[in-house]
């Protein structure tokens, strides 16, 4: 189904293995999901993406669970099925409750709707919303 | 610039005024932003959208600021400039710090990138991500 | 603002003028909108696009006004501001009433919302919806 | 495949059953499609969405079949496979002919193409298209 | 899975067969991929699309392989799985190396990321980038 | 118009200045475009993005001009006006001819059209296009 062959740990170059090792160590699990096995087609891109993701998704001014909500929202609007599945699973693993999921869903549905309405009518930005 | 004329309070029908009144009372301000003035072209749609938005964006299992982050993320992926401006302003009004904004930005950038990578390679969903 | 220079009738090659002439004759007006003046950067593409559009948008099994509704709907979802403006103007010229516009708006808003909800939850297609 | 469990009538809460009952009564069939069974994860959202959809998709200034065409056009541009299948099935049930489908297809293809062309060249909106 | 029945050569009208024959002659293979078999639902659209594609994708100022890269990039951003598969296969058939694919992937990932960042911040276009 | 204040060199922190210096040195010009001045709101993101872009857009298996074509194609499909302007300017600076631009335009228009057609009909991927 992929356009590239998935590269398993056993078949990976040392450069790719180093990234896989860091994924395993960071996540404290042997499981490496298909995204990384596919991205290994370009080892430099694999490394760049993993180390950036590790930094961006770490706890900071925003809670890691909140970051997953944002990730899911983007992935839905971009129609990336794999991304929706993997980040919904990640959100569950980070403690997302069913009530939170229900509200995430409602906000995403509302945002899509008003995005469509605003765009249809080509509403001009209010002065009050401009950065001073 | 809009495709419809904006309807001011003074020119609005009683049905539209009732919604405008509720917007003002809920937000504790006389300011009504252009979106609602444009949507008044269809009073039933105006009422439906406002009362749904009021319910969906209220505090619940998710914090109202978190809901704004999700709203911004969807609006970016849908390319809705007005929505990005209005919800970024709303997030600031609800206390978003510059550090939070910086991380919101980083997560949105990361999500778009991996959405593009995953979609290019058509990565299949791992069994581990499926709902049981 | 365009990335190409707009080509006016006076400055156009015979190949481009032939298309402009047909646009004018078909629409019974001297007005040529910016899209065609920009597309003239590639005369073969200009001709291909105009003659296809003329055929596709003509009366047929679907009413020309209905075709404009469909065009607006696609343009909104693709975020093409120019296209929304030009086809909303075309719909008005073809007799769209305010009540029709209000319902068009409502359907577009509803479709965006359920698109977002369905995609978030990755709902599988019911067997009943499959083509036999 | 969904990120939530589908809720069957037998397992639904009274609040959810009330919506299912209204879907069945309105559509005069026992069949409830997967979208609603998934959306039942958030009963308030289920009710809000169903009652809004019922109102928006009802006969009015636009014919119900025309509303389905608009719905399909939005769903295509948003890449919502489920929505395309369910609304194409709905359009067929409402009498869409093969000739109408062929023209719907042609308009959608044309709109996508010119959306892409306009956006590439960043064509400015003609004054003639602005709302007075 | 399609919303239309695929039309095989044996069951095609003379009008459709003429296009199928030209596809086979142009590509020097008997294989006709599903896209054309589906599009045959509207024979005029089939002919228009095939002859335009043949012209647009032919060698010219851009190399045919470069045209495939552009096609893949658009298809990814539009989330068209079929298009990604068919044009990735076409790129391979035209000699795309694994190193080229790896870089195509990296550029697509980078473009998506900066698209998201720019849109979130609503960055104004620099004067230096305007067409003179 | 941006949602953040643009940070000029004079007002930048040493961390941000270091990136600005590298942009200037790499591009052999003092000009720093608005994207980087906006992204400086998150210095870590600025650095990550610049150094990745520098690496990804450098000459390699793909020509830098070809990389700009791919970048433009993604930016169009994502509707990022700023990105379209900046990368079209970059392509011109790298020697894009008018004939090349005309063909780029034609391929983008064709790809959008067939993306829309394929998605409307939900065409299944041919076995021949699957990776072995």
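Descriptive notes on the structure:
As written, the chain order gives the labels A, B, C, D, E and F, with residue 1 at the start of each chain.
We adopt the following convention: a contact is a pair of C-beta atoms (placed from the backbone, for glycine too) under 8 Å apart; a residue touches a chain by one contact, two chains touch by 3 or more.
As the structure is a computational prediction, the values presented were derived from the model and not from experiment.
Under the contact definition stated at the top, the chains bordering both chain D and chain F are A, B, C, E. Repeated interface, listed pairs C-D, D-F or B-D, reference E-F: C-D, with more than half of the contact pairs matching by residue number.
In terms of C-beta pairs in contact, the better-connected of the chain pairs A-C and C-F is A-C.
Chain centres here are Cα averages; for chain A and chain E they lie 27 Å apart. Chain geometry summary: the mean Cα position of chain C and that of chain E are 21 Å apart. Within chain F, residues 1-4, 39, 41, 44-45, 49, 52, 74, 76-81, 84-85, 88, 102-106, 108-117, 119-122, 130 each touch two or more of the remaining chains. Against chain E, the residues of chain F that register as touching in their complex are 1-4, 31, 33-35, 38-39, 41, 45, 49, 52-53, 56-57, 60-62, 66-67, 69-71, 73-78, 80-83, 85-86, 88-89, 97, 99-100, 102-104, 106-126, 128-130. Of all residues in chain F, only 3-4, 39, 41-42, 44-45, 49, 74, 78-80 touch chain B in the complex they form. Considering their complex, residues 79, 84-85, 88, 98, 101-103, 105-106, 109, 116 of chain B touch chain F. Contacts from chain F toward chain D in the complex involve residues 72, 76-77, 79, 81, 84-85, 104-105, 108-117, 119-122.
Residues 1-5, 44, 48, 52, 55, 130-131 of chain C are the ones that touch chain E when the two sit in their complex.
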